[in-house]
């Protein structure tokens, strides 16, 4: 049996996190009910950002029907998508599904023998106002009327400020040094990252931002109805301009403390704690941009510093503490120069990292996303297959055994065995059947039902004798 | 007038008037400044150290070391080197004549492909055969793009025989399909140049000599195995000259005297490809219709293709005579209903309506099946208008020109901001080699300024000056 | 093999933990089990299916531990200061 | 083109589209807009009651610009990286309106809390730019320099500027990359997927004229000596038919679709601008003529909003019209079906002439009479109707065989027809 090569994982390999950077937001919004959206859609900025986050086909349909007075009829959508009239409703429904999830369209309704989706009025009004600028909710940020001679931070300064505070958050929040609980003097070598932290670090910058925001939203505002207010504040920040200052009190009358919290995360910069003036940083303004590079302050090639050789040696041209700490997890770092770290991928360290819950896929994803341009010059695949396979083998090595609770039934009569086996298979109670020795292994929770069945069969067979 | 040109590069008499300059980019073969009797004034005084293609092998360059070809300016950037390469392109165009050279558009070309053993040589990655095939495929597409009314046929030479692979035809798809199945094109044996030429001449005999007949030979062997007997290669050459078939030869191996003689006597070009880029340049040089001047040695002949429009036989006469042909511009039917087409009798959607008899044709350009009118879609003709109305080259503005007359500070084409004139230090300010330090190029007619990119784009692709066109 | 009840329709029921593993690991388990005696044996029932074995519930963690150590023993460790 | 039927239940639609740059060329020729402002009454349209109800709605430039602004805002709103470039084309002149030239007089105004900043910048700048252009028109009128005024709007100049702009922001990927080493490794971070896709939308308001080709082409048949001095109608020519064709080929090379919205409804302009129609057809753009009955915003969103990557698959595109591949003759700028072509330089003439205007070739004398007789009996055939007429529901009597949306009146202009070109005749009765 040819051992499938690990480098191209089988279909059921755990899909890496869904590719869209706003995964956290989508999961949060998917289970919100109608009234929450009504509240959200009062602000035009939210309508604009939600429209942008829709897939292109669905977005085009919404824009297409935005200015039409009538409701969206399924026959029209079929014609627009060049589907023939008899195409099953499911196909069309599936295309419009994202809009239904966001309550932009009300569920399908049957009127005058036509199936149609009425458009949500608040969303319709919000989007129309956003496009024409006739809204009244000041959702695009009220500019702060400062006297002209105040010095204004330039965009670079804002970006730098946003980066430093976000970086700080990285180091403090996610990494703990067991020997130094106070975190004052983290010893580099012992700095370990929690497994959740490693997963978090792997994602691109935008996904991280949304995860932090969603974590903040669910933690702080779980119960109060102001969570809609805070969420629309996030979207308004997304629509603001870098380098333009806004007045906090007028833009977000109800979400003041949430705004101050964001200051610590580096989303906005306030000259002084209680001043009403604030500047959104590049982290905020590129929130719903959809392309990761906008929020990436490190240029792409700064992130590409890893060279992996076929003899498991790793050369990392970096001096970034965080990256070295990550490497420290699964690489046996041997030599450290001012801008270069040399180490080896060896079984002990990789197994240790795997104990912490870091999977082979994550390590491979990390190595390939940080590969040095030099690695691209060799013919693909990027990482050498032997190393990728070895990583998978080490991962497989850890769970050689699969253990499950069971109840063993040992039979002596073929006939009874067969009946019980078919019965157990019928209601999916059967874990394993060994016909040779007439053994059946049954899920423990179905034991009473099966024993009951066996007893009844026994009486039957015995009476029939 | 056979030119006895000895092989020594740079020694050919034709370039005496240039100052003796070893560095002259003297690849054997057509000098970059246009073909025979060609256009353009004598070479302007060539500043030595002219930028050479960086792609050339070191041993190619003459004894002058190549490291001083690409200099870094004081700021360490290669910017100026790239700029000088651009300027070379611009100067090359400046030397091309501005007057619309009359080119004959209806061209018939036979490609004679040498499929001898030598085609399997490995000096071009992976083999010469693969490289040539690849280039020919794009060549055919590009050729039809520039000569929509032309026709191409393919002859192959192998095992001392020549065989017509594709008869002369106007459909590029047919030619491409033949060029792509390698099984039929296995190189083997020796080539026979004479047989190939005889077959090409035969293939073109039915065409009245009023159209521009051409042959392109891709030759890779260094010998030719010709049949003995009364007709020798020289008699075939004389026939070619009388029937005015212009022969371009591109040799992959080395210069063969007979090849150079054939090409020069029939008014074609002969070139030996030194590396793949040079091979591609030579091929692409034969794409534009051959430039013909009124008094050129091989007068162009006019073609009357459609029987109906057959005017009088092309009189000799000093001035080349063209002919006025009746052409119809069809109407392209909407894709709504399906109707019978006149050329195949099939039920088809769309199609073209002949403007005179209203019968439906499948594709254009063809002769209408019913009334014989030559039906051509106007964009086909329009494709070759650009060299009827060439855009004049733009004048280069020096610092003082910009200072004196009020000029706009954004480019008229792409509205990009020009560099501020005051910041340009005097050192670079002089206009040399066609590069304007102020980055401004002015059109003589509409006096609007353009940046370097727009200047190149307008002259290479757009062929229309935004200022002059309203 | 007749059952205690005397007729062939009797059924013997035992509960435990079904361990699924590749054949090599199973052999290691059998070897480990044979080295222990009496109450410390953890295999309840072995049947001639070479990827499953039934073991006592309380020994499951120990089995995993034992297997890992056994694997560690015969793994080539490159000498560290290479 | 067969409509691609997505077979699999979940048709695989693109999940992301590259950022798209929309270049808009607005025709603000004062004469054309005065025609549009007072359109003739719309003919009855019995087939579709809803359309019949909507009478002809006058469309002035300010109304149209507001509609255009909302449409451009929708384009900007649909994706983060989308951009808009606006050119104004008036008689004899074309100018870039947005993005503003660096020396724009009014700096960007204070951000308004209720409008998305990019929208506000775009809209205010378009308004400003149009006012500037209109005021320049006015003082050109006062100063009496009306030489260029009755020329058609400088569509070709605007197109060339747009193509130069595209050439700057999206340098052509050298698709003539060496074919022999196709597998050069894609550089990391090669911006393949997010290379912006561009398209040009031409909004034409000039009725009837085959745009910018049939102006008062003064014919100067002076075959002066060797064409050193460019014949005057040469530059005219370069601006007209030849210029437009050169732009079309450049757009084809850069894979930029040219969409055309022809505003003058059939009631004003029976014959569509043929060369814009050809341009749209050759560059796989969309050509569509407004039926003059309002609903422009909805039409713009429906027809022109989807970017090129979403057209044909999955979104429907208005059916292709019957495109007349006519040419304009070099001597009178008349569009003609059958012409006489010089075999040397392929220049087109409407009647046989002894010497070619462009390349001075003398044609054989004997062939002239035969060509002249031939030219005499050329009848240009009418263009058939575009879409087979909709099945007329029972009970509604169509008035006349050719009452399809907006009647197409006018006999096909015969060969002697003056300017204004071949109109649309009755559809061919293919029974």
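Note that the chains take the letters A, B, C and D in the order they are written out, and that residue 1 is the start of every chain.
Operating definition for what follows: contacts are C-beta pairs under 8 Å (C-beta built on N, C-alpha and C of every residue); 3 or more make two chains touch, one makes a residue touch a chain.
Source: prediction; values computed, not measured.
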For this session: Mind having a look at which chain is the central one, using mean CA positions?
Result: D
Problem set entry | Two chains joined by the most C-beta pairs in contact, as defined above | B-D
Problem set entry | Where chain A and chain D are represented by their mean Cα positions, the distance between them in whole Å | 46
Seminar exercise, completed: dist(centroid_CA(chain C), centroid_CA(chain D)) in Å evaluates to 81
For this session: Using mean C-alpha positions as chain centres, tell me how far chain B is from chain D in Å, no decimals.
Result: 32
For this session: Could you give the separation in Å between the centres of chain A and chain C, each centre being the mean of its C-alpha atoms?
Result: 40
Exercise. Of all residues in chain D, which are in touch with two or more distinct other chains?
Worked result: none
For this session: Any chance you could list the residues of chain A touching two or more other chains?
Result: none
Problem set entry | Overlap residues in chain B, where contacts from two or more other chains coincide | none
Exercise. Which chains touch which?
Worked result: A-C, A-D, B-D
Exercise. Can you list the residues on chain C that touch chain A in the complex?
Worked result: 1-3, 7-22, 25, 44-45, 47-49, 52, 54-55, 57, 60, 63-64, 67, 71, 75, 77-78
For this session: Using the touch rule from the top, collect the residues of chain B that touch chain D in their complex.
Result: 99-100, 102-106, 124-125, 130-131, 134-135, 138, 149, 210, 276-277, 300, 302-304, 309, 311-312, 314-315, 317, 319-337, 339, 352-353, 355-356, 358, 364, 373, 376-379, 381-386, 388-389, 391, 409-417, 445, 453-454, 457-458, 461-470
Exercise. Once bound in the complex, which stretches of chain D touch chain A?
Worked result: 3-6, 9-11, 13-17, 70, 73-74, 77-81, 110-117, 119-120, 123, 185-189, 194, 297-298, 301-302, 305-306, 310, 314-316
Exercise. Across the complex, what residues on chain A touch chain D?
Worked result: 44-45, 48, 51-52, 55-57, 59-60, 63-64, 66-68, 79-84, 88, 90-91, 94-95, 129-143, 239-241, 244, 250-251, 288-291, 294, 300-301, 304, 371, 373, 376-377, 379-380
Problem set entry | Interfacial residue positions of chain A with respect to chain C in the complex | 346-348, 397, 400-413, 416, 431-432, 434, 436-437, 439, 441, 444, 447, 451, 454, 458, 461-462
